[in-house]
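What follows is a short report on a single structure.
Labels run A, B, C, D, E and F following the written order; every chain starts at residue 1.
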Amino acid sequence: MTNAEKVAVLTEALPFMKQFFGKTVVIKYGGNAMINAALKQKVIEDIILMKFTGMKPVIVHGGGPEITAMLKQIGKQSEFVSGLRVTDTETMEIAEMVLVGKLNTEIVSLLNRNGVKAVGLNGKDANLTIAKKHLATVYEGTQVKEVDIGYVGDVIKINPEIISALLAQDYIPVIAPTGVGENGESFNINADYVAGEIAAALGAEKLLLLTDVEGIYRDYKDQSSFISTLTFAEATGMIAKGSIEGGMVPKVEACVRALAGGAGKTHIIDGRLPHSLLLEVFTNEGIGTEVVKTKGER
Amino acid sequence: MTNAEKVAVLTEALPFMKQFFGKTVVIKYGGNAMINAALKQKVIEDIILMKFTGMKPVIVHGGGPEITAMLKQIGKQSEFVSGLRVTDTETMEIAEMVLVGKLNTEIVSLLNRNGVKAVGLNGKDANLTIAKKHLATVYEGTQVKEVDIGYVGDVIKINPEIISALLAQDYIPVIAPTGVGENGESFNINADYVAGEIAAALGAEKLLLLTDVEGIYRDYKDQSSFISTLTFAEATGMIAKGSIEGGMVPKVEACVRALAGGAGKTHIIDGRLPHSLLLEVFTNEGIGTEVVKTKGER
Amino acid sequence: MTNAEKVAVLTEALPFMKQFFGKTVVIKYGGNAMINAALKQKVIEDIILMKFTGMKPVIVHGGGPEITAMLKQIGKQSEFVSGLRVTDTETMEIAEMVLVGKLNTEIVSLLNRNGVKAVGLNGKDANLTIAKKHLATVYEGTQVKEVDIGYVGDVIKINPEIISALLAQDYIPVIAPTGVGENGESFNINADYVAGEIAAALGAEKLLLLTDVEGIYRDYKDQSSFISTLTFAEATGMIAKGSIEGGMVPKVEACVRALAGGAGKTHIIDGRLPHSLLLEVFTNEGIGTEVVKTKGER
Amino acid sequence: MTNAEKVAVLTEALPFMKQFFGKTVVIKYGGNAMINAALKQKVIEDIILMKFTGMKPVIVHGGGPEITAMLKQIGKQSEFVSGLRVTDTETMEIAEMVLVGKLNTEIVSLLNRNGVKAVGLNGKDANLTIAKKHLATVYEGTQVKEVDIGYVGDVIKINPEIISALLAQDYIPVIAPTGVGENGESFNINADYVAGEIAAALGAEKLLLLTDVEGIYRDYKDQSSFISTLTFAEATGMIAKGSIEGGMVPKVEACVRALAGGAGKTHIIDGRLPHSLLLEVFTNEGIGTEVVKTKGER
Amino acid sequence: MTNAEKVAVLTEALPFMKQFFGKTVVIKYGGNAMINAALKQKVIEDIILMKFTGMKPVIVHGGGPEITAMLKQIGKQSEFVSGLRVTDTETMEIAEMVLVGKLNTEIVSLLNRNGVKAVGLNGKDANLTIAKKHLATVYEGTQVKEVDIGYVGDVIKINPEIISALLAQDYIPVIAPTGVGENGESFNINADYVAGEIAAALGAEKLLLLTDVEGIYRDYKDQSSFISTLTFAEATGMIAKGSIEGGMVPKVEACVRALAGGAGKTHIIDGRLPHSLLLEVFTNEGIGTEVVKTKGER
Amino acid sequence: MTNAEKVAVLTEALPFMKQFFGKTVVIKYGGNAMINAALKQKVIEDIILMKFTGMKPVIVHGGGPEITAMLKQIGKQSEFVSGLRVTDTETMEIAEMVLVGKLNTEIVSLLNRNGVKAVGLNGKDANLTIAKKHLATVYEGTQVKEVDIGYVGDVIKINPEIISALLAQDYIPVIAPTGVGENGESFNINADYVAGEIAAALGAEKLLLLTDVEGIYRDYKDQSSFISTLTFAEATGMIAKGSIEGGMVPKVEACVRALAGGAGKTHIIDGRLPHSLLLEVFTNEGIGTEVVKTKGER
């Protein structure tokens, strides 16, 4: 590459560096980007770059496939109701061990080896994520039922003081998506929701959700209907109408929740693309779908 | 009880409250006190009491039996060499999940439900515990060999900044005894050693090791040879001479290490006795064996 | 006592330690507890214990008997109108010397010898207690008259900054019940009132008034009518109706004043009982009469 | 006065304001300046002026004549040995009451009424002045004896933290010259010595001793031998040779002690002259005798 | 002068020192006091005296005559419309060089050589003075026209953070009366207006404008109509009615602007009088005309 | 450019961002980069980029050509002795006006319009640059003479507190190369030397000198002898031997001075190359010549 090209890239990045200096950015890390070793390394590099251009990244990670794998290893079949894992006590114990003891420590360690100071957190640390049981909605013919599927949780409240304390001391918090109930029981929570709630509680400048798709489609069967920007009202409407494809619902809801709670902008981006975080944050193009409040919506 | 008796207990505790107000106390939590539910609750209460009389408790916990149980569950036999678990990659993964994702979160949660703010840490958080491989010493006839038994670690360095940052914000750090190697690999480390190193790194006022015995015996086959106080020199001497019973060696070495690094006093106490922490800290008797530097040794 | 009993007392005290950690507690120290040497030592111990379990004690002391004794020594008869000492210039000078130069210094010294750092204050220090003349109410037949009895004062205003500055630096303020008028003249003020006003000005968590009786009786001639808890409304009502025994009026009024000004709870306790402060603060029973706002009254 | 004259005075004062801005100045307040009402008011004004030109004044006061007067009032004869009052328990109690409860509160109040915030201290407050018994030296013929005259004290140690804490919060500390012994007993100490020790402990920029004479004479019987400046060595020499008049000995020794302990300059000035403090501090002439270290002596 | 006289001057100054301790005082420095070397030195001394009696002086200086002189030197004639200099690009460049590079540095240097730490600022530093073009008002017969005279500016906004940052670190800010437009162009602004706006933005305690007249006259042709105090309403009225002499209009408007923005008192004083600042600030008489809000006007 | 290329540039920059985060970087801004409008804008952008990747840039600028131009404008011929401008009082006045009032304000304004907060400083501000007369060295035949050429200065001392105070508040200091003598006289100083001294006084991480050449040549007549890295010893040696081309001498001496005073690395780079700062700081190649201490030299 020529010097002129290098200069062009760096000066293209400058306005974004200005804009995000000193700001909190919540990243939901999951999907292929968490499984593929090469992608993993690139995500870590992107986060490090964000840190050293003055941002305050906060990572929330998922871990479904690893939980399934571990359950299999101990000979336990994973059962799903309406796309949610039925989570008995043993399953929850395994889930918590995998999320907190395996995936979280691994991400923390990867970050630390690249020159920053990361600290792992989970829902129990300083009562970070208070949760209650989530009932699965099941459609039987024309009937709708709520079914108890065990320790799958909804966030009731985020206590973000421990995150703020760590950010103030220059640490990068890495958060496992577990929650704690009023009797101390553990809950497994969809990491998208946790990320959305944390972005809201922190009033984050940005929420970035890494997914395994390119973004949102107005009609998810029609490739040409890709949406670059979705307003708060549109997003809310699409959820209500059910026009968002199943797997994307938690992501769009997380964006809506973050925006409602005061976060700046939210982005659903394709984690399969190497350095997608970096491209989204530091280049003009942007990638994926952003969900934002219009002026009137703020 | 009469009022006079209540008063007597509280005023007996006063000099100890004075002495430890604002001081850091490292507690190695393990053995029966970590398995028995009733004892567990009492240990938690004792720690809370220490916190609310102005101390800064730091918990380091063990977890051998739980690791063995989990390995069994996935059909893996635990093998031991010279009392140390042979730890292949899979075993280490299980050990880390159990220690960090199960036991650590459980203790954190128990504390938080009793009115304090605890935060879990492990060796990878902010590179807290830097470790390297520990080789097992095996005696074959007259020969001594060092054997590679996998991811069993020795502490090389404690980076205590994250502990201090949490203490300064009034959190109780709860630490799992894992370490991280120079290539990011995980190590399982004897929790006594981790506690001793942390007490040294923090210059703690006290190190309290909960065990399943009453304390140290000059001759461990002779009940009447119980030792209340052991000097630094005596402890070092007994280790060198091999006159300490096998299971107690790491505990005495942890005390010696803590004292050498600047900690105040160290105590090996019987965790099977309900509220043994509280009795040790707040009453005149003291219980178990203390290992201390004499004036001349400081 | 058995270990189990010791443990029981300390764990009984724990919820109170939690509740009062970091909180300001104003103690009116007077009556027998200030005269009897054995009781005196116990009060000091109780205050020290409160300090080392994280409270911020503030002491206000009385001194009537000592003033009377000193006046006698210089051959001056004490005259009383409606229970208040007629206080001419000379009497006031003696009163101030006794309160500030004798009793206050003595309490400060006793505390300091027990391992804390106490500092004496009086109404003139940094204009702590601004006062004006209190007129005695005299009933002559059916007539009520207000009589000038000299330098007996009412609190107009507390300037609590010096107390807060000392508390912030970990000192225990010990306050003599004098006040300063707008022309710099000294006033002798009932210590109960000073304590009540200071509790109000500091928004103290607790006001503890040591007296020479067990507490308040609904009918002070009927031993069986003892009151454990009095609501704000009841206390106000009883004062208005005159159903409180003369010597208790200032105490109940001090409680009412403290509660009105924002203090948490107020307690009239029997200072003749050894360690009554400690029993009140750290045990379940409680002793004496508490005057508190009910939920509706707050 | 003309504007030009006013200007001349203020600009003459400027270099001194520059020099002492933010500096600690210890003032021994005693003698006639403490008895005569008009002089008293002027001293207070001078101190206020020092405060509002940025200095940090610390007042140490005496009180001998007032103690004598009070003792007389209670019918107790003052007895002196080698110029020191024989101080039995009762005398000490009276002395402490007069110094702390009468004179100290009066000075504090006078200052506060003139727009600053003064706080009274005595030797017991936060263990400010630790003392031990001073034995009087008695010459009987050729023999020298040390005689126990009761609670007359020597300063062993100043704990200046409480003074510094008050100065940092913009208060003016006003200190009574009492001390506390190791058993909590009170001592009456010569205020000159207390002032000297406090100047040393604070590393004060200046020590100003108000006296009832013009300053020091090389030969105190010869008016023409007045000394404007005395070096540290000269002062020490004159004390050793006994060429300083009796009453001035404590003053010169206080200066020497202050200088030895790190204070800047010391001044013995004539408190009978109205506004002598102000003239000494803010004009070129200077008045009285200064005792200073020469360059070589520092 | 006698000591008594010196004392009289200093004690006369005391109430003013009390009043202004720690307060911000904005001084418009201009006219003869900036040209005459002897007066210059006296103004500097007065500012130093203000600094060392605890005030926080902020200097805004003018420079018209020097600009005219420099323009002449490069052979450029100064042209005026309605009393304002027609300011083309070259003129503005010269004006900025003279104000910032010559006069400002000279004042800064003079102050620093007298023992304080001064720092020069101009309208561009940290965007201190945001300005826009000022159109000159020209009366042609009965017509009023607004004429573009180039880079003469009006203050739109003061960003006072840099001043506050310097004051907090004990520096004396010295400010040149230039401004910066939205395209980065420089503006020359009447220093009186800049001083008034800065006094408003800082909520200064005092604004002192040095002029070359004695003050304001009710009728500026009648010497006997001198005004000592002008209320806010009177000042506003006189401006509206046009009864203020031309050269004084900016000064009175600056006072009105400062008062409207929250400044305490404003003073127009005679800079030709040596030490007029000092006399105004530290003596009872006061000199010149003060413009103040009456109680009702605040 | 492709996304992959953009990513490559940003990740290439990452290690440099890590390395310089929070570090002070002194930039000597001069030569063509200060004259050419397009280059000027690029330098400003580079500095902004440095600021928003966490560095603390400090700018020192030159201005020779502008001074010459202004002197010409007022009809004054510039005379040079040994390459140094003969600087009489009038010349110095013009130089100071141009440097401080024209060039400095212009750079400050350019920076501020690009989203940072810059503040101009010169040698007189808070006595930043203390200077004394520099004598020109003239060779006449075999004789060496030192010639007085007026107000050309050498740095005696940097008082960097004002720079540090501004950096701590997130301002970018922009410094004109003037100095102040002991009698308040102004000096014109080579900006390279000022930059070197300031880098030394601040212990800067980097000193970057923008020049109008590519760097240093071992033999400045031989293009192929270009030097990428020069050690401290080599640089010192080349100066001593006179093997450095005249115009480069101050630059190399500035580097040597900065390194001797504790600065990290120094770089002489080609300011004619657009974005040369950015390329030097954020890319692997580096450009120009670096002068550094080897391990042994530190």
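Just so we're on the same page, a contact is a pair of C-beta atoms (placed from the backbone, for glycine too) under 8 Å apart; a residue touches a chain by one contact, two chains touch by 3 or more.
All values reported here derive from a predicted model rather than from experimental measurement.
Within the contact network of the assembly, the step distance from chain A to chain E comes to 2. Chains that touch both chain A and chain B: there are none.
Chain centres computed from CA atoms place B at the largest separation from chain E.
Each chain gets a centre from the mean of its Cα atoms; the one farthest from the centre of chain C is F.
Spacing of chain C relative to chain E, judged by their CA centroids, is 57 angstrom.
Averaged C-alpha coordinates give centres for chain E and chain F that are 36 Å from one another. The distance from the centre of chain D to the centre of chain E, each centre being the mean of the chain's C-alpha atoms, comes to 47 Å. Counting partner chains per residue, chain D shows two or more touched chains at no residue at all.
Taken as a graph of touching chains, this assembly is arranged as a ring, one closed cycle with exactly two partners per chain. Contact ring, oriented from chain A toward chain F: the chain order is A, F, E, D, C, B.
Those residues of chain F whose C-beta lies close enough to touch chain A in the complex are 1, 3-14, 17-18, 21, 45, 48-49, 52-54, 115, 273-275, 278-279, 282-283, 285. Looking at the complex, you find that chain C touches chain D at residues 73-74, 93, 96-102, 104-105, 108-110, 112-113, 117-122, 124-127, 162, 165-166, 169, 171, 178, 180, 184, 186.
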